Every structure is written in C-alpha cells, then in structure tokens.
Amino acid sequence: MSIATSSVTLWFVLLLPFVGSLAVAGLPTRSRDAAALIAGAVALAGTVLMAVLYPQVANGTGLQTGVSWLPSLGLDIILRLDGLTWIFAMLVLAIGVLVIVYARYYMSPRDPVPRFFSFLLAFMGSMLALVLSGNLVQLAFFWELTSLTSFLLIGYWHQNESARSAARMALVVTAAGGLCLLVGVLLIGKIVGSYDLDTVLASGDRIRASSLYLPALILILIGAFTKSAQFPFHFWLPHAMAAPTPVSAYLHSATMVKAGIFLLIRLWPVLAGSEAWYLIVTSVGLITLILGAWAAIFQQDLKGLLAYSTISHLGIITLLLGIGSPLAAVAAIFHTINHATFKASLFMAAGIIDHEAGTRDLRKLSGLYRFMPITATLAMVAAAAMAGVPLLNGFLSKEMLLAEALEETNETLLDQALPYLVTVGLIFSVLYSVRFIHQSFFGPPPTKLERRPHEAPHWMRLPIEVLVLACVVIGILPAVTIGPFLDVAVRAALGGGTPEYSLAIWHGFSKPLLLSVIALVLGTAAYLVFARALNAADAVPLLGRLRGRRMFDAVLSVLVSSARWLEDWLGTRRLQPQLRLMVLVACAVALLPFLRHGYAPGTAPRTLIDPGFALIWLIGSACAVAGAWQAKYHRLAAVVLVSGTGLASCIGFVWLSAPDLALTQLLVETVTTVLLLLGLRWLPKRLPDNWPGKRTPASVVLRRGSDLLIAVAAGAGVAALAYAMMTRPLPDAISRFFLERSYAEGGGRNVVNVILVDFRAFDTLGEITVLAIVALTVFSLLRRFRPARESVRDPEQQRLQDAFDEAHAGRAPGDTVSDYLVVPRIILEWVFPFIVVIALYLFLRGHDLPGGGFAAGVAMSIALILQYMAAGTRSVEARLRVRPTDWIAAGLLIAAATGAAALLFDHPFLTSWFHYLEVPLIGKIPLATALLFDLGVFLLVVGATALILIAIAHQSIRRPVRPLRGGEETGVEKR
Amino acid sequence: MRRWLPYPGLALALLLVWLLLSQSLSVGQLLLGSGAALIGSHAMAVLRPPRRRRVRLAPLAKLGALVAIDVVRSNLAVAAIILFPRKGRVSGFVRIPLELTERGGLALLALILTATPGTLWVEYDQRKRMLLLHVLDLIDEEEWATLIKSRYEVLLLQAFEA
Amino acid sequence: MSGGWAGHLIIAPILLPLVAGAALLLLKEKRRTAKRGIALGTTAALVLLSVLLLTRVARAGFAGDPATLVYRIGNWPAPFGIVLVLDWLSALMLVLTSCVGLAALIYAATRWDQAGPRFHTLFLFQLMGLNGAFLTGDLFNLFVFFEVLLAASFGLLLHGSSKARIKAALHYVALNVATSLLFLIGAALIYGVTGTLNMAHLVLQVAAVSDQDLPMLQAGMAILSVAFLVKAGMWPLGFWLPRTYAAAAPPVAALFTILSKVGVYAVLRVPLLLFGAEISRTAGAAQQWLFFGGVCTIAFGIIGVLAARRLSRIAGYSLTISAGTLLAAVGAGEGSVLAGALFYLVSSTLGVAAFYLLIELVERRDAATAVGGEPVFDDEYVGLMPIEQESEVGVVIPASVAILGGGFAFCVLLIAGLPPLSGFLAKFAMIDGLLDLRDTVGAPVWWLIGLIVGSGLATLIATTRAGIDLIWAPSERPQPALRVTELLPVGLLLGICFALTIFAGPAMRYMERTSQSLGDRHGYVEAVLGPEAAGR
Amino acid sequence: MELVLALGIGILTASGVWLILRPRTFQVILGLSLISYAVNMFIYAMGRLKVDAPPIVGSGAVEASRYDDPLPQALVLTAIVISFAMTALLLVVLLASRGITGTDHVDGDDGE
Amino acid sequence: MIQAPDLPGWAALIVALLVLSGAAVTLVGSLGLLRLRTFYERVHAPTLGSTLGMALIVAASIVCFSVLRGRLSVHEIVIALFLTSTAPVAFMLLARSALYRDRRGDV
Amino acid sequence: MTTLALALAITAAQILLGLAVFCAFLRMAWGPRAQDRVLGLDTFYTNVMLLLLTFGIQTGRTLYLEAAVIIALLGFVGTVALAKFLMRGEVIE
C-alpha cells in the first residue's frame, strides 16, 4: 500500500468512529440492533483497516500524515502511526469490537442504546485520536476528549445517584489531570521549540537538562496518574464501576486507563532516566500496586474487586516504567497488552454473572459453576492469567516484572525493598484472584439469589472466549504470536535503546520464578485461611478511613465553603462598599502620578476675583454642604438646597462666558426639581434613628467618619486637579478650528450650538438617543410600578383636606384644592402661550445666540408640566392629547434622516448644508440642515421629558388592580 | 377668523414679546413673531379656557397707575418695618368678601395684592366669595377691607364685569 | 470622502439600528409580529454588514494594505470632527456583537419580548450603542456611546421587572452613573492637558506633553481607566456584574456578555493607544497594575464560580474570569498572549451567551417561570399585558433533555476551556504565549497560568455540580417544552465556536493581526490623521 | 478666581461623595446630582476661565483668543443632558425598588 | 473683574444710582427674610426685591442699553412683565400651604 | 472716571445682591419651616436674576439677559411645585 493510500486509510479509520457516533445518535430510541450493528461494523472496519496498515509499521518506518490547524502556534493535526501506536490502536479497536458485541446482549432491551453506542464510538474515536496524535497539544486535546466521553459513558445510567457522582468525580479528576498535562506538554514544547512529537522524542537530553524539566515532568505525571488511576488519584476508578459493565470492560481495562500508561511509554525516552522520574514513578507505581491489591482483597462487589485489581495492575505497569531500564519498559508494554486481554474478559464475565444471578455481591454468590460452566471456565482461565499462573500471558509479564524488581539499578532504599514489596503485592493479587473464582463459582449452590441463573447466550460469551483464547495463546506461544508485534512496538517506543529480550515460557529456575511460586502458594494459602473472614469484611482494613469518595467530597465541600467564605470576605453584594471602593480606587490611582512627580499649580496668570460671582459660588457650595447634611431626614430641604447649588452653578456659567450652559442648566434644574418632588411622594417618612441608649453606636460613628474622610479626600483631589489645570495655559487646541469655521462653514455664530448640531452632531445624536431610551425605560418600568403599601393611599394632606370638605356644610369634596388653585391656575394658563413663544424663540435663534433645540424642548415640556400641576392630570389630558412616544420617534427619525440625507449626495453622514436665501423685503434667510437636526432634538426632548414626567405623574391617579374571580382584573379609578 | 386666530389680544401680546426679545422690528422678525404668536395662541386654545367677554382698558390703565404708586409706597413702608422694627406692630389675617367673580379679575387682583409688599393673597373661597388676606402691618381690619374694595375691586369690576 | 455606497457602510451599524428602533416606536404595541420581524431583519442585516466589514478589513490587511478604515462624520477633518475607525479589533467586536445580538433576539422572539413594552427598540438601541462604542475614534463620543449602551442596558435589565431585577438595577444604575462621572473627569483632564479628543490626535499630543503636565495626564488616564475597569468588572470594582447579569432576563443577559467586554475593549483601545511602548513614560507601571488586577480578578472569579449556587451566577462569574484573563493578558504585554486572549474573548463571549440562554431552558424544568410578575396597575397606555398568552404550547421535542444536556455540556466545555470547542484553543494559545514571557515577566506568569488552568477546573466543578443534577437527575417534572426558535440561537452560538475550532488557523491569524495592530500606534495615527501628521 | 472655582468644585464633590456613600436611595440620587454639577464645572474649567468672552462670533475673521473655549461647553451640554436622563432613570428605579421592597435602603433591606 | 460700559457721565450716574438703590432695596427685602418673626410676615419681604428692586435694576438696564445702542432698548421689560406675573403665584401657593399646616384640623 | 465710578457702583450692587442671596441661603438652610426654605429658594432665584441684570449692565451685552428672562418666566416653577407638594403631598394629581 502506498504512503498516500495509507494516510487516507488512517484518516478514514480515525474519522469512522466519529461519523458512526453521529449516525448512531440519530437512530430512534429503540433501534437496538441497528445501533449495535453500525457500531460493530465501524469498530470491525477500523480493526481490519488498522490491521491492513501493519506493514507500514512493521518495517519500523511508521506513517505520518497531517493537516494544518493552528500553524502559527505550532499546532497541526498530525496522525502518527508507529509500532506502539499500532498496538494501542489495535487494542482500542479490537476490544471495541468485542465490547460492542457483548454490549448488544448485555444492555436491556428497554435501554435507549443508540445513545450508548454513540458515546462508545465517540470515545473510541477520541482514544484512537489520542494514541495516533503526532503533536503533543493534539494529544492533550484528545486526552480531554476521552475524559468527556468517558464521563458520558460512566454517567450513562444517570438515574442512579451513584452513576452521576461517579461520572462527575471521574470527569473532575481526569480533566484536572488533563489540564496539568496540557501545561506540562506546553512546557516541553517550549523547551524543545516545537510540539511535534518526532522533534520532542529526538530531544530527550535537552529536555532532561532543562530547568523546566521538573515542573514539566510533574505536570505530565499528574496527568498520567489521574488518568491511569494511580495513587493518590486512584479513587475515582472503583466508583466508575457504576457504569454499565461493557463500559467498565472497555474503559477500565483496555483503553481509557491505559491512556496514562500510553503517555508514560510514549514520553519514556524523553522523560525517563532521571532520578526524579525513578523516585516518583516507581514509588507511585509500587504504592498503587500494593494498595490496589490490598483493597481488592476485601471487596464484596465483583466489579469492585476487578476495579481495585485494575488499579493494582496499572501500578505494576507504572512501576515497570519507573524503573527506567529498557527491559522494564518492554515488560510494561507487554503487561499492558496482557492486562487488557484478561481484565476485559474478567469484566465481561462479571457482567454475565451480574446479568444472570442478578447480583455482583460475592457474599451472595456461590457455586455458579453448575449453572454456567463455560463462563466459569473462561473466567477461571482469565483469573489465572491475572494471578500469574504459568502458561498464561499474565505469567510472562509477571516474571519480567520480578526480574526487573530484582535487578539492582541504584542504591536507594526503594530499590532494595522493591522485590519484597512486589512479591507482597503479587501475593495479594493471587489471593483476590482465587477469591473471585472460588467464591463465585464453587461451593454450595447459591441460596440468596432471586432467580435461577443459567448460561449466557452464546454471542455474549463469544468476546470472552476470544480474549481468553488470546490469553492462552500468548501465554503458551509468546514469541510466535505477540512477539513480532511487541517487537515493533518496543522499537517504536524506545527508539535506539531497544534491549535484547526473549519471550519464552521457561527461563530456567531463577529468582523470579521462585518469588512467583511463593506468591502463588502464599496467596492460595491465605485465601484458604481467611476466606470466611474476608466475606465478613465490610471495609478495607488499615485503609478504612481513606475512602476516596468521601475525601473527594470533603475536598470539594471544603473548596466550596471556603470559596463562599472568601466571596463574602473579598466581595460584597451591597452598594455602599462598592461605591466606597470605587471612590477610593479612583482617588488612589489619581494620586499615584503625583507621588512620583509632585504637585504644582501652573504658571498662567490668574483671573481676578470677582466678588459677586465668588459670593454666589461660595453660597452654592454652602448649599451643597447643607444639602448633604439635610438629605437624610429633611428631603425637601435637601431638594431645595441642591436646587440652590444648581442655580449657583448656572450663575457661574453665565459669568464664565457660557450662556448656553447656564440656560440649559437652569431649565434642566427646574425639571429635575419637579421630578424629584414627583418621586418624593412615594418615599417613606424618615424619622431620626433611635439608637438604643440614645447614643450613636461606635460602628456607625466610625463608618460616618471614614466616609467623611473619603469625601473630603475626593473633594480635595478634584479641587486640586481643577486648580492645577486652570492655572496652566491652554494647549494649542482644536477649539481654534471651531471658532474660526463656525460662521464661515457652519453657518452659525453661536459656536457651542454649531458644535452641537454640526461639528459634533454625532454626540448630540447619541445624547438624544440616551434621553429617548431613558424615557422608554421609565415608561415601561412604571407600567409595573407597585407602590409600597403605606404610600398607596392618597397623601395625608389630601385625605385631611377632603375630610374637612366633607365634614362642612356648604362644601363639596375637593373644594379646598380647587380654592387653592383657582387663581394660580388662571395665571398659569396665561403664562402657557408665553412659554411656548419663548421656547420657539430659543429654538429658532439657537444657531446664532444661546438657545437651541434642547433648551427649547425642555422649556416646552415645562410649559406642559405647569399645566399638569395647575389643572391635574385628568383635566389636562381631557383637553390635550400628548403622544410622547410618537414625538420621540419623530425626533429621532428627523435627526437621523437629516444626517442620512447627506448620504444621498455621497457626503458622509451628518454632513451639513446651509445657504442664505435672499427673499425680497425680508432679507437674507439662513437655511441650514442643522436647524432641521435641531428640530429633531427639540421634538425628542419634548417627547422624552414629557413622557418621563407624565409617566410618573400618572402613578398618582392609578389604583391597584384588585383581582376578581375568574382571573379578570379591573382598575378602580380614583374619585 | 376665530379658527385662525383664537385669541387676537393674546396673539398681539405674544408678538410684542417676540419683538421685544429679538430687539428688532425687521420684516423677518415680524413674520417670525407672527408665526410664533399664532402658534402660541393656538397652544392657548388647546387648553380651552372659558371665553372672556371684552375687557375695558381704561379702568385697567387707571388701576395700573394706582398700583404703581401703591407698590412704591408699600415698598418703602415694608423696608421701614424691616430696617426699623417697632414694638407693637401686629400682622394678621383679614377676611374680605368680594363681589368680583370674573376669573381674570380675580387673578389680577391676586397679582396686585401679592405683588404689593405688605399684603398677601392667601386664599379665596369660591363658594362664599370670601378672600383671606394676610397683612404685615395690621392696624384696622375694616380699613383694609374698604381700601381694597374701593381702590382695586371697583376698577376691576368696571374693567371686567360692567 | 467618496467610494460610493460602500464607503458609507461603516456608519450603517450605528444608523441602521437607530432608525429601525425609532421606527418601531411608531408601531402600536399590539403589532408584535411586525415589530419582531423588523427587529430580526435589522439584526440579521447587522450580522451581514459586520461580516462584510470584517472581510473587508481582513482582505485589505492580509493583502498588506492598511486595514484601518476611517469615516469622517459630517465631513469634518479628523482631529476636529468625530471619526469612526474600523480596524481589526473593532471589526471583530462588531461581528461578535451582531452574532450575539441575533442569537439573543431570536431567543427573545419566542416569548421574552412580551415581558414588557418596547423591548425591540431598546434592544436595537443597545446594539447601536455597542456598535458605536466599538467604532468611534473619539474619546468623548466614546462616552456618549457608553451612555447609550448603558441606558439601553438599564432598560433591558429592567425588562420584565421583578424584585430581583429592580434591586439589581438600582445598584447597577447607581454604580454606572457614578462611573460615568469618573469617565467625564478623566476625559476632561485629558482634554485639558492635550486639548484634543480625537484618539489618534491624542497619541500625538500625549507624546508632546511636557513633564510638568504629565502627572495631570496620567491622573486623567488613571481615572478614566477606573471607569473602564468598573465596566469590565475588575476586582474589586466589579462585584455588581454577576448579580446584575443573573437578574436579567436570559436573552438580555446573553446580550450583556458583550456589554462586559466593552470595558475591556476600552482598556485595550484607549490606554494602550495612549501609553504604549513608544511613549512609555509610564507604560510599565500601568501594565503591571493591569496585570495584577487581572490576576486578582481571575482569582475572585474562581472563588465566585465555586461559591455560586445558581447557574446564572456561575455564568456571571465566568464573565468576571474572562474579563480578568483579558486584563491580565493585556497587562502581560501585547503580542501572542494578547492574540490568545482575543481568541478567548470571542469564544468565551459566545459560550457564556449561549450558557445564559440555556440556563433558562434548563431551569425552566424546575419551575414554570412566569415571564413577568402580575401587573399591579391597569395600564394607561396600551392596555393590560397579555401574560403567557401563547406560552408552553410549543412542539415538545422528544429528545429535549438530550438536546439541552448536549448544549449545556458544550457551553461548559467552551467556558471551562476544554476540547473540543474553541475555548481549549484559546487557553492553549494564551498559555503558550505566556510561557514565552516567563523570562521577562518571571514568577507572576506562573500564577497567571495556574489561574487560567484553575479557572477552567473551577468552572467544571461548579457547573457539573449544578448541571448534572438539573439535567441528569430523574424527576417527575414534565419534559420541558422547547421551541426550535429557542434552541436555534444556542446552536448558532455554539456553531460559531465550532467553526472557530475548525478554522482556528485563520481565526488565530486574524487575532494575531489584531493584537499587532493594537500596538501599532503609528499605523492608527496615519490612518486617521493622514501620513503627514503621523510623520511629524 | 481659579482658586474660588476649584474650591467650589471640591466642596460640591465632597458633599456629593458623602451623599452617595449614604445608605438611603434619595441621598444617593442627590449626591449624584451634586457630583454632576461639580463635574460639569470641572469639564468647563478644562477650557480655562474667561470672563465675558462667550464663544459667539461675529461674521468677520475670528481672533480665537478672544473667545472662551467652546468645546468644553459643548461637552458639558451633552453631559448635562445625559446626567438629567440618568437622574430621571435612577429616580424611577429607586421608586420601583422602594415599592417592591418596602424600604428606601439602597440594598433593598433595612440592615443598617 | 471690575469694568463697566463706557457711558456718558449723566447716564453713568443714573445707572449707578438705579443699580445701587435697586440692590439695596433687594437686600433690605432679603434681610427681612431673616429678621421678621413668623413665616407669614417673612413672605412679604422678598416682594421688595421682585417689585421695586427689580424695577430699579431693570430701569438701570434700560437706560444703560438705550444709551449704549443709541436707541430705545426696552427688551428688559419682558423680564419685568414675566416676573410680576409669576412671582406672586409662588408666594400665594406657599402661604396657603403654610396656613394648612398651621390649622391641620380645620383646613 | 465715570466709567470707573459706574464699575465700582455695579460691583457694590453685586456685592449687595450677593449678600441678599446669602440671606436667602440662610433661610434655606435654617428653615425652620419647610415653607421658609422654599421661600428662601424663591428669593434666591429672584436675587440671582437681578444679579444677572447687573452683570449684563457691567458687560454691556444683552446676551446674558436671556438667562434672566428664563429665570423670570420659569424660576417660579420649582417654587410652585414645592408649594404644591407641601400643600397636597403630591405635585401632580
């Protein structure tokens, strides 16, 4: 097969599971056979194609193909097939086929299996992509993807709480590891300068010499250990047994947990060989080996036993990799394959037992051999392989392990103790294997089962048969069967340093054999002695307190509760602290530059003090202080005083050559006062605080004191800034341009107005939009307005006055108010047309003199509001139909259309045009688009201001809706 | 005519105000001012105040002169009160029954009384036609009542209700 | 200024929503379909428009021509009139805005737009404000558009008023009004020192500021930055963010994800422009502050995510995290970290927006959330609101939970930065860039890397805790009634992220150019003021 | 004159800041208006002070130094409008909050 | 800033006198605001400023601008007109509301 | 010379008016009645308007009179609203 065809085949193999996953996901819920068929076909096709690719790797060259993905960061999708990858890919695919066949019969007919097979295929694809990755980042990418898909698989029976929490635990642990791995590989990439696997594998020395080696190593190891359930991250694996058994058989024997191992093997040439590697990996492997085996002994759940044994065997592989010698690495690869075969078959067997007997509890199982002899036999063989009985594949790799353990590699204590500890682990492993078999298949017929078990269907047994056959064949004829493949894999994995090794059943009497026999004998004996005690165990001795899940939960809950505490401590949900912080931060950052450069007022000549202005301005400031003082209990006083401040600032503007500002400020001031008063009606009465003991608490005093300090600091800061700026000469600004062009090119003498409607009309457009939005918001918010209970009723004054009118003969209710307003109302009516004329005047001359659309609009709306005040809402609206939203829309559209008209002449938006028209008798009439724009402003301002004020005013004449029966609602009008 | 110019007098006043504001008698301003006056008087029409009968101007002019004198006089009087407080000065409320019912007249009277320092229009009871007045320097209630009735109300009655 | 109609396209993202929004006001509230149609059409047109502008920038930029397009409003020359500047960054933000906007609007059109009056107008004005803020090249005009978008956001936040919304809105409005005042002070100071408001002109003027005036300028800049950072949600200035967003109606919250980026955008634009390396009399210190602020913000975001009890708060805090990440990336320096951060900005914005939309769908299973409270007052203007008039009668999709779960999972992956969506690539790019800085910046780089990784993990922990129970736990609750139009926007957003993953190469290339352009003051000045000014 | 104006701006700001740090909504709204007066004056002051030099030009050639800087004035006008709008909005929101929570505390609950 | 328009001597004198007396009257009125004892009395005080004080200053202004422009400038009359028609309204309403407060029971 | 005298007179008048404003301010700040404060504000407005007139005379520009016109015409609106609020408990019924 040519390279090109092979590449295409490889892509095909990789994409097939993903495509299959999507296809299966689209199947109807009940289509069990179709789903299984598609999934099986996909996996089988993958297996076959992968097998076909073998020649490409057999000669040691491998295959590499890639597409560009994120070239600037060195991330390309590269598929890289070599011996090691091939072996793993085959494991993934072939065992996948078997698991799919098995699952077809295992899953209940009522299960919506398309989802299951879809997830399974997605996982298969991710796993394949992981092992085929030719780029480290790509590897990390698919690494996380396997975590995710396995999460879905583990949580497949999500109706069970255990499945949900197990899935979550597995996800959190492995995803966290994956993130560490990502950083780790990025570090490696930085050392090497590339994420390309080939490059990385070629730069082992450089990596080990780098100062980043240790962090990178640790991060990558964390990734690998979490995935491969190594101590102390092993705890998620037993809980993951909540997954359907096919998932366990697939993920937890052959694939997912092997990803970590794969990574360690893959990077072995680069990372191994340092002391840190040896110490960390070996000891973690050893601890995991012993711990897992020890815990497995005491499990009562079949799958639990297998899970812990998996942990233990993964420990073996890790240990082997940790030792660091090439031969150990060979053993590791070999054991990986072996473990995959026997453990997958054991899981499947356990699944059959569960299926048939209805329980996986070892204490309830007994004597199943008579019901399912074939399954029992198969399980026995597989278990024997697990225990390391000769003639089976497990034995071979175990021998290699013992040999390596005995080998003296260095002087450390660990090295010395290794053979003994490994043997202890093996003894345990024999013990639990024996227990597994004996307890379930032998002994008296079971009594605690709910149904009578019998042999599983043939097709369900078939996968086990295939796998057990593999165990036996490899065990007996290792050199012929697995030998070549292993050889290719080892060469690919270890590169140049491939050692001489021999795969044979018999190596003569040797220390490893002795230890092996000891382990077998002691293990069996221990079972015979402790069998009964083991059945009574309900916890793992010595490790009882180290329940992984409880610790995980505890860690998470500590995390969450401390986060909550920290959130309260570091954050706040209250407004005052937030404003305080904001002011403080602003003060602080504004201060910083002055700390460095010092503060100095400028040198420009000062303006002479003008007593009249100075007096008014200081009175205005005094008003502000007094207003601040009164605002808590005397709101009205505060409003009055703040108005005073506003007025003073108007005068300031007049004095300081800004008549436009003064005019506008004055008008806005008036409207704001009315607005605040409208609001005041709905606020509660404030009474002075009555502190216990008539004394203000210290905390309150302190807070007020600190607020005062902040306020003074802010004020002083702003004052200092203002002073420093005002005393500096004005830079050569752009304002000259406006002054010079205003009349010539803008057609107006009032430069401020020309800026607003021409030079910077875009600002004005935005500004009126703000006004429009606010008006609409106010309007819509008030539609749902719900006054507080005590302010729903008429104000006290009105009630008293109405009561008075009612109580007195010759008076009708409402007389008081009508007497009150009779004269003012007449006068206000008179004033109305005058205000209208003034508004028009302000509008028309704005371009040349102070005024303009905005001022005119506000004046107009004040005229309206006055009528409302004098005559009342109903009376005004009976005569006057105000449609504020239409005004707003018209204003906006006119302004925007004026601007857009320029586009018709291919001028930019808002390009103005003006012309002086000679009209006989009258003289020159200025025609300017700016005036039209200002008209938009005018209309909008009238509409928006009126809408805001009227909407608030309307609240007074609305009444709560009382729900009637039948859900209908009705409004009861006042009076 | 009514349709186009609902309140001719008002429109004239508005035009006057416009011309005063623009400080110009040019044709352009006259036109603009007329337009504004038109709009203004239509704005008034929207409010639909009750129609008023013709107002006689002669009594009003006389009234204006009187008020001008009174304002200056009472200004000085009140200034004296403020600057040189004298013991025994009493201020208080006076009730005065009014014959004037016309809205405009009432409003004008209220303006005059309030604008004159020393007297303050406080309340008018529409049913009893009773005016409540506050006087800064109250010597004799009766005297105030007759003063107001004879000095202002008579003229106002002539202007508005004759 | 010529170039025919194409030359005027830059103004369209502002003008179009403005006109459409205003025109909607003329329609009676009852003509809901028409309103929906117009709003949707406008937003869709905005998507097309912004994509067109983006391709224009990209085509010119990748071809080696100047990518920055300038539009002089009112035909006034550059430092005097207001200019709109379309460059790499603003084009990107425009596309992002319109896409999120379209998704949110489609979602809202199913039922949320009935929860109060004038929704579509406010929505369009919001888009207008956002687009304006991203396009403008004038400091004060930026303020105006900030106010436009804030005002609209107040309105939208209060849409379908409820107790939580009103309480949150009170804080939000008060804080933002105060912030706006800071903005004004800062902008005024800058004007006072330099005498100009045009950003490009500012670059020139800043370089000419005398030593004596420098602290004033810096103080102005600092105050301005505080205003931006409050909006960006930096710790300790951004406590309002998660709460406010959690209170908003889902489509509104989704749109707000863009809003939180405006502050970051402003930080990217203004201070970077004014205090870059060329004029670096203070650049170092400011960037350092930004960096540490960002780091603290991420840390606080992580804490918040872990502490959150509700999904909407998780989403809010993940915005905090993303803001912090961006700020820290800006602080760490321009270049590849920034490119990664921009990539992250895009994908996290899309992800969180989709997440907000999904949360409501997921939680709808919990309680039939009424769109609004019952009205208290009879309405004077348009009559009573028909509440839930056509609710819950949608097509019940059999696999609704599965779809929800899938969407939820993708959102989580996107936010947490896990494969297979673009979040992973973004984090990868950022960490990759950061690792290059380890020699220049030192230890803090490791903190930042740790926090970036940690934030993903924290998000994962928090969302799985809440999400698994919501989606997976068996319940007696009826299947949620979903409508296709509610899922479509989520799919749209996730689909964009998916596309970003697949076309990561070109996308990242765009981000890199964006990041470069941010550092290229000279190019900016030249584009806006012309070559003579820049050569000065 | 500069000093007087700066002092006034400072006092206004300080009063405003004090008020926005208070717990009652009405205080906050008044505080914000006070600060916005101060800020308006501040922006104006950035064009430096000129008495009796309003930027209203004749039709002939213009001697720019005889006029006050018009740009800050235009900015202040925009700022006035916007702050008016925001005050209105804040007022309505505080009314709604007061109505729906029953208190005028800024946090919607009366925990001092 | 101490400056004034360039007026002929007689006009300057008139203007100065008018302005000063107007201001003085206004000040007296405002002093009354402080010195009078009850609210009802105090309401009378500011009328000084809004009538005579205003009239004097407006007159000053008219004289000043008429002389400056060389033609009659009566544009300030508008101010007088508006102020006299609006100021009393405020006083009236205010006094009545105070009265209501004082006799709560019998409004 | 006469100009200077006039200038001094105007400045003196402005100071007098400033003092008048101060009196008004004291009423606003002291009260004691709410009506007193409102009255103070009204006086404030009137006095300020007069001050503007003097400023107009001082500068010889009629430009500033516009603000005075606005105060004269609309300055009372705030007072009216406040008074009505005191009387009726709400501004618009």
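Going by the order they are written in, the chains are A, B, C, D, E and F; count residues from 1 in each one.
Everything below uses one rule, namely that contacts are C-beta pairs under 8 Å (C-beta built on N, C-alpha and C of every residue); 3 or more make two chains touch, one makes a residue touch a chain.
Because the structure is a prediction, the values reported are computed rather than measured.
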Original post:
Which chains contact both subunit B and subunit F?
Top reply: A, E
**OP:** Could you name the chain whose Cα mean is nearest to the mean of all protein Cα atoms here?
**Re:** C
Original post:
Which chain's C-alpha centroid is most distant from that of subunit A?
Top reply: B
Subject >> B-E against D-F, pair bridged by the larger set of C-beta contacts >> reply: B-E
**OP:** Please work out the Cα centroid separation of subunit A and subunit B, and write it as a whole number of Å.
**Re:** 73
Subject >> Whole-Å gap between the CA centroids of subunit A and subunit C >> reply: 16
Subject >> Gap in Å, rounded to a whole number, between the CA centres of subunit C and subunit B >> reply: 61
**OP:** Can you check how far apart subunit E and subunit F are, centre to centre, with Cα atoms defining each centre and the answer in Å?
**Re:** 9
**OP:** Scan subunit F for residues touching two or more other chains and write them down.
**Re:** 11, 14, 17, 19, 21, 38, 40, 54, 59, 62-63, 69, 73, 75, 80, 82, 84, 86-87
Original post:
Do you know which subunit A residues sit against two or more other chains?
Top reply: 573, 575, 579, 583, 607-608, 610, 639, 655, 659, 680, 718, 721, 725, 730, 733-735, 738, 760, 763, 767, 770, 773-774, 777, 781, 784-786, 797, 801, 820, 823-824, 827-828, 830-831, 834, 838, 849-850
Original post:
On subunit B, where are the residues touching two or more other chains?
Top reply: 17, 21, 23, 110-111, 121, 123
Original post:
Which of the residues in subunit E come into contact with subunit F in the complex?
Top reply: 1-9, 12-13, 15-17, 19-20, 22-24, 26-27, 29-31, 33-34, 39, 42-43, 45-46, 49-50, 53-54, 57-58, 60-61, 64-65, 68, 73, 75-76, 78-80, 82-83, 86-87, 89-91, 93-98, 100-101
**OP:** Over in the complex, which subunit B residues touch subunit E? Could you list them?
**Re:** 17, 20-21, 23, 71-72, 75, 78-79, 81-83, 85, 91, 110-111, 114-123, 132, 134, 136
Original post:
Once bound in the complex, which stretches of subunit F touch subunit E?
Top reply: 2-14, 16-17, 19-21, 23-24, 26-27, 33, 35-36, 38-40, 42-43, 46-47, 49-50, 53-54, 56-60, 62, 65, 68-69, 72-73, 75-76, 79-80, 82-84, 86-87
**OP:** Would you mind writing out the residues of subunit B in touch with subunit A in their complex?
**Re:** 7, 10, 14, 17-18, 21-22, 26-28, 31-32, 36-37, 39-41, 43-44, 46-49, 103-104, 106-107, 110-111, 121, 123-128
Original post:
Hey, which residues of subunit E end up touching subunit B in the complex?
Top reply: 25, 28-29, 31-32, 35-36, 38, 40-41, 43-45, 47-48, 50-52, 73-75, 77-78, 81, 84-85, 87-88, 91-92, 95-96, 99
